[in-house]
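After this come two complexes, each holding chain A, first together with chain B and then together with chain C.
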Partner chain A sequence: MNLLGVLEISGSALTAERQRAEVLASNLANAQTTQTAKGGPYQRQLVIFGTRKADSSTFASAFAGFSDRYAQGVEVKRVLPDPTPPVQRFEPAHPDADSQGYVAYPAVNPIEEMVNLMGAARSYELNVAAVQATKNMISQSFQILS
Partner chain B sequence: MGSPLSGISPLNQVNAGVETGKPVDDRSDFSSQLQTAFNQVEQLQTEADQQIAGLLNGQGEDIHKAMIAVEKANLSFQLMMQVRNKIIQAYRDVAGMAF
Partner chain C sequence: MSWIDTPIIEKLGEYLDLAAFRQTLIASNLANVDTPGYRTRDINFEDEMQRAEGRASSDAAPPRAFEVAGLMERPDGNNVSLDRESMLLARTQLQFRLGVELLRQEFQSLSTAIKEGS
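What follows is the complex of A and B.
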């Protein structure tokens, strides 16, 4: 059942990439947001990935031995706000303008976010390919019997 | 002519060994292992069912998790079928033996 553990690893990567895409989409959607619950403009969020110990709940045996020591999944460790100061734009008519007529806009570069989003989508694709490769390996091993 | 007849008695010892000795334990071990394997297959299928249900209910399950669960259930079922085919084939081979 060890090969099923590979599926777990690829699955964790799929989850992580989906969450990253979610945060990137949020950054894109709020590129012009000047009002938030905390007050002030939206702050761009950064996703931090980290290695993950495998789930021992369902497949304790799947990660025994080799994979327990060397193969690790991935997960979103933290989502941090980008410390870059907001972009000031002169819009005196805006309701959120300060006394000098400047409005603080989030420091989100849509192009950069889009590139990151493409990266997340490609990584997702890549891990789906890894799942299919693993699936094929398992199916191939059944051919030994028949 | 006396000595060949005496050779029959060890058969009883072999039979006694089958009834009380280790071979019986091994047989039950194999069947219980088979049972455990089947149960694991069933568990994977239940898990896949739950994931799919969660997906369709809109409980926020990840699509890829459901797909991987279904694939695991599928693969484990295939393995179970292969083992079953092998066992049935072995049984037929033994049953068809000419004496």
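What follows is the complex of A and C.
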């Protein structure tokens, strides 16, 4: 029940949304990648979010005794490869073409990735607004003393 | 209660605690806006304020948070409403500010009394 811990919650969301944006950017960047270290085309990655209990090891939460069971941050639980099979395109001249002349391209839809990227950016903004609000409340509480 | 803790100061303390607690829930709701299956949680501010009035200040039972009913649910099971949370964020900020201002006034009048009105 304290404001320093609230910053922790919003901070966890900033980290998670940034990681999501990174993975989405990587999907976009590799939309045409046909060669990877594992072999075969790039596989689209999916980010799975989950709730996270407030971390009691950080300074702010330990300092303030933050053990509130209602405080739930967010974190990236897993990054999974999308099981959708690659898109086959007929390009016989391509060096990665198979015996029938088809090249396997990643199943990445740039429009879908862009929409998700916008969602991540908006959620990031939203949590920045929450951080600002909490910061204002903390600095106002200092005025009780003055 | 010592001589300096007037009833108003105690009550304003409860008020600020409650506003800070609600801020925790709002921040949690906003942080989990993209978490599948997350349910919006909140407290009933008026009920908690009345509950705080009826008990001794040493008995610090935490406020009761509940899952908010009647919100539109997305296909992934998440029912966080951005409009609702943004509105509450603004409202809680103002409530906190009000509490701080009133508390400051109260301390100032105490200070005036100590200085014999000078």
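One rule holds for everything that comes next: the second predicted complex is superposed on the first by the 136 of 146 C-alpha atoms of A that agree within 3 Å, B and C clash if a C-alpha of one lies under 4 Å from a C-alpha of the other, contacts with A are read in each partner's own complex, and residues count from 1 in each chain.
The rule is short, and it goes like this: a residue touches a chain if its C-beta (ideal position, glycine included) is under 8 Å from a C-beta of that chain, and two chains touch if they have at least 3 such contacts.
Just so you know, these numbers come straight off a predicted model, no measurement behind them.
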| item | value |
| --- | --- |
| Simultaneous placement of chain C and chain B on chain A, clash or fit | fit |
| Touching partner for A:4 - first (chain B), second (chain C), both, neither | first |
| First, second, both or neither for A:103, with chain B first and chain C second | neither |
| Contacts of A:49 with chain B and chain C, given as first, second, both or neither | second |
| Touched partner set for A:76, first chain B, second chain C, both or neither | neither |
| Contacts of A:21 with chain B and chain C, given as first, second, both or neither | neither |
| Chain A residues touched - chain C or chain B, whichever exceeds | C |
| Touched partner set for A:123, first chain B, second chain C, both or neither | second |
| Which superposed partner A:135 touches (first chain B, second chain C, both, neither) | first |
| Where the C-alpha centre of chain A sits as vertex, the angle toward chain B and chain C in the overlay (nearest 10 degrees) | 40 |
| Shortest CA-CA distance between chain B and chain C [superposed frame, angstrom] | 8 |
| Residues of chain A that lie at the interface with chain B and also at the interface with chain C | 10, 146 |
| Contact set on chain A toward chain C in their complex | 1-3, 5-6, 9-10, 12-13, 16-17, 20, 48-51, 68, 70-74, 119-120, 123, 126-127, 129-130, 133-134, 136-137, 140-141, 143-144, 146 |
| Complex interface listing, chain C residues touching chain A | 16-17, 19-21, 23-28, 30-36, 38, 41, 62, 65, 82, 86, 89-90, 92-93, 96-97, 100, 103-104, 107 |
| Touch list for chain B against partner chain A, complex | 47, 62, 64-65, 68, 71-72, 75-76, 78-79, 82-83, 85-86 |
| Complex interface listing, chain A residues touching chain B | 4, 7-8, 10-11, 14-15, 18, 58, 128, 131, 135, 138-139, 142, 145-146 |
